[in-house]
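What follows is a pair of complexes built around subunit A, which joins subunit B in one and subunit C in the other.
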Partner chain A sequence: MSEYTVVGQKLPRVDAVEKVTGAAQYGADVHPAGMLYGKIVRSKHAHANILSIDTSEAEKLPGVRAIITQDDVPSGRRVFATDKVLYLGEPLAAVAATDPDIAEEAAELIKIEYEVLPVVQDVMEAIKSSAPRLHSDETKEGPNRRDISAKIKELSRDEADGNSTAIRKLEAELENYADEVYYNISAESHTEAGDVEKGFAESDIVVEDTYVIPRVHQTYMEPHVSVASADSSGKITVWASTQGPFAIRSGIAGTLGIPLTQINVIGTTMGGGFGGRFGVIITHVPAVLLSQKAGRPVRVQMTREEEFLDGRPAPGCVIKLKTGATKDGHILARQALAFWDSGSVSGASIGSTIRVRGVYKIPNIKIDAYGVHTNKSGTAAYRAPGAPQAIFAGESQLDDIAEQIGMDPVKFRLMNMREEGDTVPAGGSEPEVGYKETLEAVADAAGWWNREADKNQGWGVAVGDWTNGCGPGGVYVSVHEDGSARIFHGSMDITGTDTAITQIIAEILTIPYKNVTIRRGDTDSAPYSTGSGGSVVTFTMGNTAKLAAEDARRRILELAAERLNTNVDDLELRDGAVHIITVDPPKSISLGELAAYSLSTTGGPIVGKGSFARQPSTPALAAQIAKVEVDPDTGRTRVLKLVASQDVGFAINPMAVEGQIEGGTVQGYAWAMMEEMQYGENGNVNPGFVDYRVPTSADLPTVESVIVEVPAPNGPYGAKGVGEPPITPTLATMANAVNDAIGVRITELPIKPEKVVDALKNNGHGA
Partner chain B sequence: MKNFEYFEPTTLAEASLLFTQEHAQLLAGGTDLVIGMKAYTETPQSVISLQNIPGLTGITADTDNGITIGAMTKVREVELSEDILKHHTALAEGASEIGSIQIRNLATIGGNIAHASPAADTVAGLLVADAQVDIASADGERTVSINELFTGPGQTVLKPGEIITQFRLPSPASGSHYIKHKIREVMDLAFIGVASAVNLQNSVIKEARIGLAAVAPTPIRATEAENLLKGKISTPELLQQAGEAAAAGTSPISDLRCSAEHRREMVDVLTRRTLQIAIDRA
Partner chain C sequence: MAKHPVSLTVNGDEHDLLIEPRKTLLAVLRDTIGLTGTKEGCSTGDCGACTVIVDGKAVTSCMVLGVTASGKEITTIEGLASDGELHPIQQAFIDTGGYQCGFCTPGFIMASKALVDENLDRTEEEFRHALGGNICRCTGYTKILEAVLQAVEEIRATS
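Entry: the complex of A and B
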């Protein structure tokens, strides 16, 4: 039994009632008096020179109160395109009007003259010397730029197998690129440990493939929205739907050259984020500029179509991967060459290519990754940014090796997994980790060891690793005369983090969960808080909350000692009261009485303060097993079973943790099977939920969650970040299950029916 | 949404007159129109609701005329109707594939057809039911076969002012089935849709009808395959020939959903499957 009474319990979320009843205030619910409606004017071309922008007709439209272009950005930082647009939907101007229809009409009246340029949307096309170049000033040569040809040659394969036509074409093209000079490279990252050439030479089996992972959108339910109000003194208030109000404050200040504390950012309840809700210029900066010009509050809210055109989705990528192993199952070497589709600006998570090393003892690794510019919007984080893509390649290829050496995929992984003290390729050594426990847990729960499959059914397994981030935060906790406690902080609740903070404080102060309430402040009032992303919140704010509660506890015991004329050492805080443990019968005083007493003391009220920035985090593993049935005639895949285990360190709220595991797994499933931003000759062609498919509850059985707890030394109660890991293995889990069912190795996601049918036509080996 | 004039006529004649105006749109369930208006992709100057016109809703069955479905009948009602489930199973199955239950509680069968999407889920079922489409206007009434209603994507033979009032299904099938090829289990658009309906006599296929959606500019019947089946006893080889014939008669496009080749192959697969199930049900 747990020694705890509040943490570790499946308690209802603190925000459950307001969410269910619709009382929660989202960005679109904010409506200050006199508010205007903003609309962003967007490029109709994916790549074009801008010859002119004429706003004169729109200015004449009654009801239009402000029109802004890049000329209205005093700092000159790029908010709107001026000379050239780089993607379909790129902002060129914005209007504010008294009515959304007028704003829409005004936007249409702004005349833009374009000189259309050739478009490049495929990373493998974009790197060619013949490709259109997005940034004409791109002259700098990266340290390894000229080596791309050599790297492609290193990874060239002798025989084509197991790939679709598209992949085979890509393979051939990669080789033809040999003597090209490469362009549109936005960033690069290189890692090496050991000697891969030696590793491959010593391997009995070497497997190579090229994996293509599409760009996908975070598809949070609430589109981007902000309401900005600039008053006559220059003070700016922004109601922002964001994961990080403090980051938005500094972002606006930096972009517009406004003093930091002249801006107050009020975070509104967030309708999902998944990493995609940190952007500053998407809606916040245009809203501020419009409000400054119009002298009235302005709301800028994106439509779903705008989300797809000008959100910041997860980058797609092409990963060429090669792995060598001995025939008794030891992985000796792994090499990757990756091209990440960064879109019009740099920022794709190319460093995550390192995730192909997985959690295995691989003595020799070499990784070369490039970010590539294409005519698409920039990218941002999406739940474990970059990891699902890299792990898809790594874990798909592991299954192919296991198959070739005739070893069970779970046993093969267990045999190669790192343990505490093992060397992490290019990264120090492992702390206490629960890799094997987590994989064994999912295998046991799924019935892997006695698995059965009818015709066209198959089982797939994969694991994914991730380590939560950490960041600064501050928490105050006050104890009131009725014995309740109130928490005050500045971090955005992201799927249950306010609940976890509340549970921690209730646990330490030994008062009932329902008597602890939590209030989020704005950036004017709350202590600084890191953004709610990177699985940081429970780790960071949990630690911060613990410090605040312990600080309050110290004051409580000090007050009780004073009140009861005894020493702190003789006191115990239990069940919402302080007890003298050394007297018989025991004497006690309640927290409410102490809070009332505190008001007339020299030391004053009970206020605990917690402030925290960082401690080393510990890696967490997610392991998943799927059983699928594939219809070989139609290519449709049905999931029969999906089991997900995760090492969460310690589940502060197991119900919320299960929710995270289920949610991440479903998002991974969606990426594997259906989600894909598609691009035609002029940009994104599926900017809506008709042709950008997200799954419904009818597509999946209930995800069975298995919680594994190997405590993190620095996490609150041992907790690790839980939000991101569950999406990391699912792409490969699904591909491996499909391969097991019908003997088709799909290396290009999503696994759409047509790809399966085509692959089967080609002898079970790609199309 | 742009401003528009809104009308709620109480007679077909009045509605028809209003509908002859330029930039006028009929409002049935609104599940296509209102979404388009909110997104500014539809900007009608007048919207004419059909909801107050009597006689446009409901499903009736009688021995002489078969089943009649009012154009304003909710898709959900078509899906759940005992009469349709019994005599035109493929149509009920098609109705059950549209959107979500919430959408089906609003959407009408007339709207699904008049919108003239080649991928409409009720269209294959109506094709294999040999539905007769009754049309009214201020000038009078006329009837066209469902097979002749469509002229292209979003295009029909309906003239300005003409309104679909009901669908008559005179020819029941003893067994029919609809399959929609899709990625998502529910709430997906048809990559293709295939309905097959048969009447058997002593195991001999007396009559077979095959309706195909999203494989040509308009929904079509696979007449060659139908003729091939007529008068024969079902065998796997026969069904295979029928599937191949149906596929050969299509002219699908490649688009962002899938290739023309895949659509053609799925016509083959799903024709065989729907026929087999229709025969099993007959």
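Entry: the complex of A and C
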């Protein structure tokens, strides 16, 4: 867009130099004087009653300064397990010592007596009556039982004659669904639109399958860490590697039962988050409690092993999906029954099951989703939480239908895609979207229309949709006597957002990008800001920054009018100066001169303020195509080509946007092909990078990114959230490519070589 | 635990230290000397975030005991820029967007430096494999490879 000079440009990031020189301060780089090292004592069993915790030996170890258990949590909120542990690695106590090795030794000296209980790790086992219960004996009904029970309830309400026979009949019918009495349910969600039974009856083709998606870890490179310092007045300072300092502040206040203003959270540079860095009790609360007890600052830093045991990864799930279509390619109905593995607490993104609807016109839809407790740590968001799982099922099945009716997978998708004004299944009306443009862009860029494949090679396509979130934020911008501007705000930079905000302010103030600097405040000083997750930052803080810059601009023009003895209407802000457009020769005054002048005016310095909460967001699509080659002997899949397009609305910094697309796509690839948290009889068995493989540069070719720009009406310059969409389609893209290559439909991820070899033995056209 | 005298040179500065034998070179660099640019990502030698150059070779400093580094010459990310000028590899990471969160970046830059010092004539594919010991979770590696190849060109042009 040539009308802009700073936004839309590939500019180096504002934090460039500190990031490449080692100067950036991450959580574990904070080291206040006298700091102690904390260590969390963790359960050695996945399910057990705690008989006793004996800290006496540990207390005697020289260098140990504090040991805490649940008894040290004054509010009583659960920070440490007391009578029962629900997963391997669950915190039971914490130690602070003068040296990290001493803290570790002390942790090992704490004696815990367990009474081991039966363990359940698999969601389909956990719902059965035979499963051990994590929390209670309460049961929930499956979809068919729910429908019948609802009818019984309705009939029981009117006491008309003949109803009793009908009720008895329905009660007998309930018996057919004895296996639909579910145990260990943490949450449920049900959505329906149209009549799926009718839709399936009218379909020429009905495809049904069960998709299994593993639990994966966000695997941000910096493990969880916090440094806390509680001073003698009760004031608490926490240096936290977090996506949301304000959420951490309220979380700590709530957990400890202390006022917000007693806590200052300083967000440190964050070594990745991807949704997993909002947790309050993982390290922050233990660090505060240890510091309060020891009277010294304490750092609690997780190891990578602890990350796998007690992080909050993305939930795995089992999705039973059924789709009906006509033989000329119209999708008529889709039904899903999903079980999400929420681990020991609730919180899995079960509502995301609705994303099996994709971006297609589906008149009849029914979704039943359950969160299921298992003996694992709780879960958290991971880049478009829940969407990659649901979209894997939806987009895999879509290809199977396309294959059965003999239609090209891209054409089939284009034919069914929604456009502006179409009804979103179980939703409202679609706003202006760029679904078709995005899919067409990736097909063109990848060479889909004249694709070629040798033996055992194949092409796969899939699309995924996501809509960015929104939240409150505030930004101040000051203009200085040298004509430079300084931004002050409280939102965490999530790989480029500070840069986008800076570009927006420079654009509006018409000053060079390098003359605008940005400073993040702590929760004591900065205006409130929503957490940096949900692809919110550029949308929310970009809008906020625009408002702040426009506010500053108003003041600048007002000052210039005063200074130049004219009306605001005769003035124009351009190239870092205000010009009178009505006089010849033109008269102008620079921003620096105006800032200097402002200091002696009644109105005072130039400070622009922006405050924003929400505007409707617009859905964005990511579309991807992969070409793979599968070795039928080893089962190994090699990616030959990976092309990713995305509707980003408007790319404020195309380099950063490409980076998001490439990175998200590779995370999706990893979920499809290699990542899986594995659980044995006593919990997670692959808590490290040797057994939990994440991709390296050797695993992949260059990811080709294609930027599509269909502006969002309420986004800054039309921008949509870009962080989350790219991970959503890749799981299915890969599965569809493997299917195309060797005729094997893998429905259980990851697509590991041994699974491919096994599947090929039974069917497929490879070898 | 008894401490042992250790002398090492880090980024040209000599350090005479007393170190517990259980401390890793990473712990010595970060906690004793205070050079926190080198990162700890896994503590098991699998992610490469702690990569530094010891006597010309890239090593994962979490897998080296500090006492065994005595007498050696170590370069960390803090020692790469000279006279306020970024090293071409650092500049290339900025120009191409070869970093995002930046946590793996010091390790990637040091691993790349050792590779480039050893042999400039590698293909992209060879660099992809040679950097396989470093994990980045944000970039998907595309721009990291672009950065390394740009740096190679720059170094070639100026040497």
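Definition applied: the second predicted complex is superposed on the first by the 718 of 767 C-alpha atoms of A that agree within 3 Å, B and C clash if a C-alpha of one lies under 4 Å from a C-alpha of the other, contacts with A are read in each partner's own complex, and residues count from 1 in each chain.
In this text, a contact is a pair of C-beta atoms (placed from the backbone, for glycine too) under 8 Å apart; a residue touches a chain by one contact, two chains touch by 3 or more.
Worth saying up front: this structure is predicted, and the values here are computed from it rather than measured.
**Student:** Looking at the overlay, what does A:D101 touch: subunit B (first), subunit C (second), both, or neither?
**Tutor:** Both subunit B and subunit C are touched by A:D101.
**Student:** For A:L51 in the superposed arrangement: first (subunit B), second (subunit C), both or neither?
**Tutor:** Neither partner.
**Student:** Quick one: is A:A698 in contact with subunit B, with subunit C, with both, or with neither? Answer first, second, both or neither.
**Tutor:** In the superposition, A:A698 contacts both subunit B and subunit C.
**Student:** Who does A:P12 touch here: subunit B (first), subunit C (second), both, or neither?
**Tutor:** In the superposition, A:P12 touches subunit C alone.
**Student:** Look at A:A656 in the shared chain and tell me whether it touches subunit B only, subunit C only, both, or neither; answer first, second, both or neither.
**Tutor:** Second partner only, subunit C.
**Student:** Where does A:L599 make contact in the superposed view: on subunit B (first), on subunit C (second), on both, or on neither?
**Tutor:** A:L599 contacts neither subunit B nor subunit C.
**Student:** Contacts for A:V666 in the overlay, against subunit B (first) and subunit C (second): which applies, first, second, both or neither?
**Tutor:** Only subunit C is touched by A:V666; subunit B is not.
**Student:** Looking at A:V690 after the superposition, I want to know if it touches subunit B, subunit C, both of them or none. Which is it: first, second, both, neither?
**Tutor:** Both partners, subunit B and subunit C.
**Student:** Touching A:A201, do we find subunit B (first), subunit C (second), both, or neither?
**Tutor:** Neither: A:A201 stays clear of subunit B and subunit C.
**Student:** By residue count, which of the two partners contacts subunit A more extensively, subunit B or subunit C?
**Tutor:** With both complexes superposed on chain A, more residues of subunit A are touched by C.
**Student:** For subunit A, which residues belong to both interfaces, subunit B and subunit C?
**Tutor:** Subunit A residues touching both partners: 101, 303, 690, 695-696, 698-699.
**Student:** State the interface residues of subunit B toward subunit A in the complex, per the touch definition above.
**Tutor:** Checking each residue of subunit B against subunit A gives 1-3, 39-40, 181, 183-189, 191, 256-259, 262, 265-266, 269-270.
**Student:** Which subunit A residues qualify as touching subunit B in the complex?
**Tutor:** 101, 104, 303, 305, 633-634, 636, 673-674, 678, 680, 685-686, 690-691, 693, 695-696, 698-699, 752-754, 757-758
**Student:** Applying the document's contact rule, which stretches of subunit C touch subunit A when the two form their complex?
**Tutor:** 1, 20, 22-23, 27, 30-31, 34-44, 46-47, 49, 76-78, 80-81, 86, 90-91, 93-97, 99-106, 109, 127-129, 131-145
**Student:** If we count contacts the way the header does, which residues on subunit A are in touch with subunit C in the complex?
**Tutor:** The touching residues are 10, 12-13, 15-26, 28-29, 31, 100-101, 218-223, 269-274, 303-304, 495-496, 655-656, 658-659, 662-667, 688-690, 694-700, 702-703, 705.
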